[in-house]
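Below are structures written as structure tokens.
Two complexes follow with subunit A in common, the first pairing it with subunit B and the second with subunit C.
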Partner chain A sequence: MFNEIISEHFMNPRNVGKMSNPDFVIEIGNPICGDTVHMFLQVDSNSIKDVSYLSYGCSTSIATASILSEVVKGKTFNEIASYQKSDVIKWLGELEPAQNHCVDIGYNILSECAKPKQRKLTENNFLVEDGGALT
Partner chain B sequence: MNFVETQRQLGITPLNAMIGSINPLFRMPFDTVNKYKGSVIAESFKYHYDNNEFYRDLCLRKEISPNDIQGFTDLHKIPMIPVQTFKQCDSHLLMTSHLKDIEYEMRSTGTSGIPSVSRRDRVSVDNAFESVLMTYREFFRISRGMGLFLFPPTEEMPEMGMVKALNIFAGMLDGSANLVKKITFNPAHAVEKLLSWEGKHTRHIIGPPFLIHRLVKHCIDNEIKLNLEKNSLIITLGGWKQFTGKEIPRKDFNELCSKYLGVQIQNVRDMYGLVEANMLAVECREQEKHVPPWVHLSLRNPRNVLEEVEYGQRGVIAIYDPTCTSYPGFVLTEDVGYLKEDTTCECGRNGQKLVYISRMPGVEVGCCAINLEKFIEEKEKEVVSQGGTNV
Partner chain C sequence: MSPDIYLDNNATTPLHEDVYRKMRYSLKYQYGNPSSNYEIGINAKKSIQYARNNLAEFLNAEPEQITFTSGATESNSTAIIGYCLKNKSKNHIITSSIEHPAIMEACKYLQVSHGFDVSYLPVNKDGIVQINHLASLITPKTSLVTVMMVNNEIGSIQPIKKIGALCKALDIYFHCDAVQGAGKLPIDVKELNVNSLSLSAHKIYGPKGVGCLYIEDKNQLYPLLHGGAQEMGFRSGTENVTGIIGFGQAVECLMDHWINDIQHITFLRNKFIGQLNQHLTDWSINGGNTVPSTLSLCIHGIRGEALAYALSQMGVFVSIASACSSSSSKLSHVLKALGKSQEEIRSTIRVSFGRQNTIQEIEKAINILVTTTSKLRSFSPMMVNV
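This part shows the complex of A and B:
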């Protein structure tokens, strides 16, 4: 079951969407379960001015991206770096064991936002079905 | 007689009465069952229309309301949800139930790595278990024997749709063993396990085609011929295409299972389903995939999915599943197939019979099985590159 914080952010996600010209991007993913967060940042010399994201996967990971987007927006890099995993646990509220992996997703978002490096999303090539099925 | 109203007056949920009556319903005339299924699907449509703002807006744009869906002949008008919507970031819009009522999230991940997540509330979970369990009982009559499970234990992949659906067999059998552990599969261990059950139990092998194919290949390479029991079943779920794009030919698979595992070809049974629906179309001994009597499949023209194609013609598979309450179970898949023109079967069942062909051209190749295969291959390569042996 989902706590009130997760339910509220999942049903009413904040800052969701793709950014046209981000200064930095952040990619967080779990290859086994597929939870994926793509976060887009607009920054100045020492802070995150604007943020948006696209999140795919379980409801808790989608809500986590929404919660963390609110946390990092307008914060300096130093402030973001000062947060601990215990802060993420507090922000997400009481989780069931199967949802606990989202604490790591949240903490990874913080760590990446504190020192953003990546400029573009990685190109994802995957196998597509060839033609012929309908002929 | 209105099927739904009469049942409701008796305090019976019409849909659950149908699921519990799978055996007689499969033997009733096609048109009679269509009337029943038309009533329960129309009722499900009204429920989602009344309780799901996003879906109601979609219906209003298409000028469809519950008044337009009175029974079986109207089902093709019900607006469908494209299956890729379940992958999108705004998939919360699909939901008829609030997240706080959601009990279980199930996912399937293809080769792109982006999962399709379907969220089920209490009623949807009840219906899904009941639907799958009754379908297994109808087609396999399993209540004894041992299951060699060629898929990971649910504790390792608790949300993978294929694993959850296949694991239901565990409660029906005397015992089972998962031979895929920590994303590795050792076919020699699978053979050892099968031999340890010989003479004591009827042995069944259950898993995606690619892993059963690996077991057979191991038998071929090592000149092993097993002799499973007369009533042993090979049950497969998951795609026949491997993540490399190579396809396992079904006819060859049947023959190899017969030759190297010693099962009767009629006991090699495949199933079709998807994570977003609560139904499985399961093969009978004639290897015909029967659609459950409470579910309706509509095959659509790929160039205009609003248009139905005739039975016998290839099209995109659309599923109308009334068992979903947490989101509308009216799903336009990315799969291509056709419905057999003959709605009777040598096995004695009537109803829709599906022939699955492949995924739609141009869409991501993907399902739980392909993803699992990819991980197993990557793990094996990793073990070899670290100097380990891959036995």
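This part shows the complex of A and C:
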């Protein structure tokens, strides 16, 4: 059902919580299932110094946020930008078909962390009722 | 070591000790084929007849009206497909919008492969069909009505007696899937006016792979399985002797204990809800007028899937209303029929109590549920004021 990496991160998520004065925020979501990650970053000129997040979703999406928070913490923006989707697949381990959407969540977190722009949460409601299409 | 607290008794139930003992003996000593005309075969046949008598007594039916099957799915398909294909002059079926897939898919098969029209009865906010809705859907072409006794996801009790009376008055065949009603409600097929009714052994502390179909008059149906004419010629295939013996024993235990079981389970449910009221906010119960054994809980701000998995890791086993999926089509059709939002459906878990559960288990389960919910909510953007 869940591989050991996902299970371990889900039961013991790292870096959870909100950050009082983040330099940047990241909002990732899936409009079909409503999985939502709010990630908070403290940065210096070329790297992410600290990270925390809030996560709403299935076990795998919570674990994904935890795994990605460990990946980006302390990394330079260039290092983060160099990662590919294949790296996310490797980090998350073997997933069942219903969990595969979390690869996109993980890759979106990476992409946003490589070039953070947003200063404040807009608190998007990512869920589009009655099966809205992925955009 | 975390406790194993099994609160998924609607999915299946543990074997009753007496059932286990009878089945173990049967596996070793009652291996004869019931169709054989020597002692061990005849004994096997007698054991099946003993079980059949128990089922007949349980349902207030005649023994020859009981056919043993591989389970409720086969029973439901036999009744619905067997009746409709033998009575094709009428081609309209009415069922409810909250049936188990074993009913839904049998109706869909008749629709797709044999041109039947299928109407789906809506339910009210409690998850109960309304008799006036049923009356308004009936046409001169209506061949069969099939409505479950108790819903498996939310536990809502359907007005089977009223439906039976209406169908009888209009000469429409009425089938009832009573899988989740057995052991929770009295079942008297004559009083309910059902033409056929399905039961499953493993939902009443019996073995998996065996069920039965009560049929008022077998001449009204085609059999589903053809072959050696077992089960009085209606259901071919060598009988699952050990399973049937287990089923018969499970029913015997049920007849002795079901009133006590209901009282015990009602006590557990009240304790569970009372503790939830004391220790948890932002939750609600899906459905109304339910059997006490089923509790469908919407726990806001977190996913049912995540909560159920975390609970299982802590030794508490419950089920969810929808699997982790990015497809809205895979959300619970039952909760959709109640008008629940996608968010509510995805936040739902099902707790179902059984006779073996103890008050100590309920207290532990509540502690774990409250702690786990609080943990998941502590980092949910839906619950944390950012």
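Points worth noting:
Operating definition for what follows: the second predicted complex is superposed on the first by the 122 of 135 C-alpha atoms of A that agree within 3 Å, B and C clash if a C-alpha of one lies under 4 Å from a C-alpha of the other, contacts with A are read in each partner's own complex, and residues count from 1 in each chain.
By definition in this document, a contact is a pair of C-beta atoms (placed from the backbone, for glycine too) under 8 Å apart; a residue touches a chain by one contact, two chains touch by 3 or more.
Computed from a predicted model, the values in this text were never measured in an experiment.
In the overlay built on the shared chain, the residue A:Tyr83 is in contact with neither subunit B nor subunit C.
Once the two complexes are overlaid on the shared chain, A:Leu121 sits against subunit C while remaining clear of subunit B.
Shared-chain residue A:His101: touches subunit C; no touch with subunit B.
When the shared chain is aligned, subunit B and subunit C each come close enough to touch A:Leu54. Looking at the shared chain after the overlay, A:Glu4 reaches subunit B, while subunit C stays out of its contact range. When the two structures are aligned on the shared chain, A:Gly34 is found in touch with subunit B and with subunit C. In the superposition on chain A, A:Ile62 contacts both subunit B and subunit C.
In the superposition on chain A, A:Val16 contacts both subunit B and subunit C.
On subunit A, the patch touched by subunit B and the patch touched by subunit C overlap at residues 1-2, 7, 10-11, 13, 16, 32-34, 36, 54-59, 62, 98, 127, 129-131.
Residues 1-2, 4, 6-7, 10-11, 13, 16, 29, 31-36, 54-59, 62, 98, 124, 126-134 of subunit A touch subunit B in their complex.
Contact residues of subunit A toward subunit C in the complex are 1-2, 7, 10-11, 13, 16-18, 30, 32-34, 36, 38, 53-60, 62, 98-99, 101, 121, 123, 127, 129-131. Here subunit B touches subunit A in the complex through residues 87-90, 92, 95, 98-100, 102-103, 105, 107, 109-115, 117, 119, 157-159, 243, 245, 302, 314, 336, 357-366, 375, going by the rule given at the top.
Residues 301-303, 305-306, 309-310, 313, 323-329, 341-343, 346, 376, 378-382, 384, 386 of subunit C are the ones touching subunit A in the complex.
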